[in-house]
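Input: structures, listed below.
Here come two complexes built around chain A, the first alongside chain B, the second alongside chain C.
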Partner chain A sequence: MKVKVKFFAIFRDLFGAEKEVELKSGSTLQDLLNLLCDSRQCRQKLFDRSGKLRPYIKILKNGRNILFLEGVQIELEGKQIQFLGGIHAELADGDVVAIFPQVGGG
Partner chain B sequence: MLTKDEVKRYERQISIFGEEGQKKLKKAKVFIAGAGGLGCSISAYLTVAGVGKLRVVDNDIVALENLNRQILHWDNDIGDKKLESAAAKLKRMNSNVEVEVISETITKSNIDDLVGDFDMIVDAMDNFAARYVLNKAALVRKIPFFHGAVHGFYGQATTIIPGKTACLRCIFPEAPPPTVPPVVGVTPGIIGCIQATEVLKYVLGIGSLLENRLLMWDGLNGQMDELPLEKNPRCEDCAGVG
Partner chain C sequence: MVKGFVGVNLRVNLSTGEIKKEKINEQWARLFIGGRGYGSKIICDEVDPKVDPLAPENKVVIATGPAGGSNTPASGRVMVITKGPETGTIACSNVGGFFGPELKRAGYDMVIIEGKAEKPVYLWIKDGNIEIRDARKLWGKKTSETEEVIKQETDPKARVVNIGPAGVKLSRIANVMVDACRAAGRSGVGAVLGSKNFLGIAARGTRKVEPFDPAETKTAVAQARKLLKESEITSVNLPKYGTALLVNEINERGGYPVRNAQEAYDEDAGVTGGEEIADKILIKKWACAVCPIACGRVTEIREGKYKGYHGEGPEYETTWALGLMCGVHDLNAITYAHYLCNEYGLDGISAGVTIACAMELYEKGYIPERDVPFPMRFGDGDTLVKMVQIMGERKGIVGDLLAEGSYRLAEHYGHPELSMSVKKQEMAAYDPRAIKGIGLNYATSNRGACHVRGYTISQEVIDWPEPVDRLKYEGKAELTKYMQDFTAVIDSSGMCLFTIFGMGYIRDYGPILRAVTGIPYSDDELMKAGERIWNMERLFNLKAGLTGKDDTLPPRLLEEPIPSGPSKGEVCQLDRMLPEYYQLRGWDEEGRPTKEKLAELGLKM
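Now for the complex of A and B:
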């Protein structure tokens, strides 16, 4: 599947403005970010030492802040299925992901 | 009431929103937090537009390295308070506008007195700690908060309406580590003008505000984008407001 990733502000200096990324089906946002961060410099910009996404980095998936994408559990054919939110949210073909830093100067 | 001089001075904009609109601007009281890159462009354009009263708060001294972007401060102002320097220029731009300057660092404990009975807050700060104080003050008073920020050739702006839109804390829950970002003067010029435009539209009640939209300016590529914003239902600052 293919997803489109748009970068804003200083991330454009690192990644360019836009990328189309080919992913295995079932990939998550975390997988996408891992794939995008192919250098140490990129990884340091997005993740802290423990590998956690830096809290001042915003990611929108199809226009929705991933922080507000709640994990949900649904029942399908008698089975409970868990969908995870946040950075563990699964991506689908055609998704648009926007990544932007917190700009702070005045 | 507008004087004959005012009708003449503003004739090119009165032709857009009428004398009634100009009177609304004359009655408006706008609180501008900061007299740096953003503050200079915001206050200059609101002054020439005829906003009745501006209160500008800043506690810095004009330094040589400010002059690439802070257009109200000039060579011979180095060493002076930014406020005095800014007020002197603004008064010469338009003597009809009442410009009040307060030399203070904005904190949680003085923000109430500083904002007083002003109608709206414009963000011209350079750090998120102060921005969160302004955000909270706007939420408590239920007055609009016009956010802007810059980095290099990049900038962003949004308009926060308490109870209606995402607040600054919903958008940016945590402050990034403090840095001294690079800035080219044109960027706070552009973003400050966008913030000033939002103030004018809000006061006049025309157009569409940048509500729940983060406008992203990329000067290097000459591109403007907007990103959708939404309230955080668990926001520590605004959950329950509205």
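Now for the complex of A and C:
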């Protein structure tokens, strides 16, 4: 599947303005970010030393802040399984992901 | 004696020529802080809320705050307060630049302008001395020329506030310019000065304003600077890209009003955004007095029809209003239109939104061809520029109506619903259908639709200091009230609202205000002062004849789902937030403060 990724502000200097990324079906945002961070410099921009996404980096999936993406609950073998939202959200073909540093204004 | 203030306000009666110096009321300094709060107290006490805003009986207060004139970061703000001619509500418009600290160094905290001069005049204040000077030869000149001549006539180092042709011609969307590049843009405050035959003020001073506790002030200021440095918003991105960096942020969420808010997303909006401005037209960044952020843009148009023009801007709001709101993607035309707004002394937000309204009226056939000097269709940069020109000059039938703002224009042609305004003031660059809290703030703002009276965008979009889901209704009443009260404190302190992007809480402002003034108000008391200011403004509006029915949004934003983009299908269900907001405010069901709430705040109906 193909996903469009847009970068803004200072991230453009590092990642470019826009990329189309080919991913395996079932890939998550985390997988996408891992793929995008192909250098130490890139990785340091997005993640801290423990591998957590840096605070205040904003990622939108189809316009929705991933912090508020709701996980999906499904029943599997009689058990309720909760899939996580956020960075663990699954991507689909044609999704648009926008990545922003901490910006403000207005 | 409270410190931080010079301690003296200047009162100038233009009808009689009488000039008075008045001591700062220390009780008011505690209850209303200064700036917006103190100045609004003067207007509420002295101006009949039912007065015609353009009559001599209206007054204007140009107010600094107690933090101004010190080393406090971004503390050079000035508030222009009056009864607004566009909304009929109390109006105040905030501006940066260098005038505020200079006025304090010249010996005054605030200037109260009343009456009407027989002929155009300006005020020259130098180290406590005041002179009312003839301004006839400058009346109606562009703002930069006026500033230059006033400096020649007074002192090259003077700092100047002045109106332009739009204020002189009583446009209800006229601004007041500071340093010829920063604007007290909103609410038509420039027209009120114009109605008084008052061109502006030049100030020059060499006095020092002492804080109450210099050591504590130094510590508090150092802490504030540290917070602003630690925030990537205020230390990296705002300086590098300016406020227009938000174009992509808002557009990618599908909350960027396009073509008079008929849409809320544009695939190519980025060509008008901060990254593109930095790449194509930026010469250097620009900072107001004692500001470490430097969000201002000094720009030059380098190609196309407007090549060679230079000036300041555009900002986030104007690149939107004069850009995609009018369907225009041409950054050069947008920038030139922004320069023109500054030169005419027009509010760039209201100018753009009014032009967008005219374009929709024209395209739908509601404005007859005989009224228009040229086709007024969405999308063409040159049309945009020509429309700003006829608006600034009030030229022809439509030019004259454009200068009245979108509501009066749309009402004249029988379709007031196409004005994207609240209480007749034009909305800002955030679509409440996609960002719910800002809708409640537009609806309840005391000066009509306005983003900076309660900037819920900070939480709803910027995730600062804590993220809030933009699409949820729950919690938005509380967030809006909190941001409105908090903002009233900042606006009254003399500091810039943008400091909130580093200093996220009242606890970050309290130490500065206490150290500078010596007033031992707690952080809770400061927030209570913010609430008091908000309720005082509300009372003025109720006495002026407004009611809870005016706390609404344009029908389009309430009823027409966003047709496409990331927020497709959304509307703003204001009724899911407004009753709770009234309740949290301690107001009755019709939006009137209860006796108990007024007693708690020490206010009277």
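The rule we apply is simple: the second predicted complex is superposed on the first by the 95 of 106 C-alpha atoms of A that agree within 3 Å, B and C clash if a C-alpha of one lies under 4 Å from a C-alpha of the other, contacts with A are read in each partner's own complex, and residues count from 1 in each chain.
Just so it is clear, contacts are C-beta pairs under 8 Å (C-beta built on N, C-alpha and C of every residue); 3 or more make two chains touch, one makes a residue touch a chain.
Quick caveat: nothing in here was measured; it's all calculated off a predicted structure.
Novice: Are chain B and chain C a fit on chain A, or do they clash, once the structures share the same frame?
Specialist: Once chain A is superposed (C-alpha atoms), there is a clash between chain B and chain C.
Novice: Just checking: does A:F68 make contact with chain B only, chain C only, both, or neither of them? Give me first, second, both or neither.
Specialist: both
Novice: Looking at the overlay, what does A:K58 touch: chain B (first), chain C (second), both, or neither?
Specialist: both
Novice: Applying the touch criterion given at the start, work out whether A:G78 contacts chain B, chain C, both or neither, answering first, second, both or neither.
Specialist: In the superposed model, A:G78 contacts neither chain B nor chain C.
Novice: Which partner does A:G106 contact after superposing on A: first (chain B), second (chain C), both, neither?
Specialist: Both: A:G106 reaches chain B and chain C.
Novice: In the overlaid three-chain picture, which partner chain does A:A98 touch, first (chain B) or second (chain C), both, or neither?
Specialist: Touch partners of A:A98: chain B and chain C.
Novice: In the superposed arrangement, what residues of chain A touch both chain B and chain C?
Specialist: In the superposed arrangement, which is not itself an observed complex, chain A uses residues 6, 8-10, 12, 56, 58, 60, 63-65, 67-68, 98, 100-106 for both chain B and chain C.
Novice: Which chain A residues qualify as touching chain B in the complex?
Specialist: Touch residues, chain A against chain B: 6, 8-10, 12, 17, 54-56, 58, 60, 63-65, 67-68, 98, 100-106.
Novice: So in the complex, the part of chain B that touches chain A is made up of which residues?
Specialist: Touching chain A: residues 34, 36-39, 123-128, 148-152, 154-156, 171-176, 178-179, 181, 183, 188, 216, 218, 220-221, 223, 225, 227-230, 232-233 of chain B.
Novice: Which residues, counting only chain C, touch chain A once they are in their complex?
Specialist: Listed in rising order, the residues of chain C that touch chain A are 231-234, 236-238, 240-246, 248-249, 252-254, 274-275, 295, 316-317, 428-430, 451-452, 455, 457-458, 462-464, 467, 469-472, 498, 501, 565-567.
Novice: Where on chain A does chain C make contact in their complex?
Specialist: Against chain C, the touching part of chain A is residues 6, 8-10, 12, 56, 58, 60, 62-65, 67-68, 98, 100-106.
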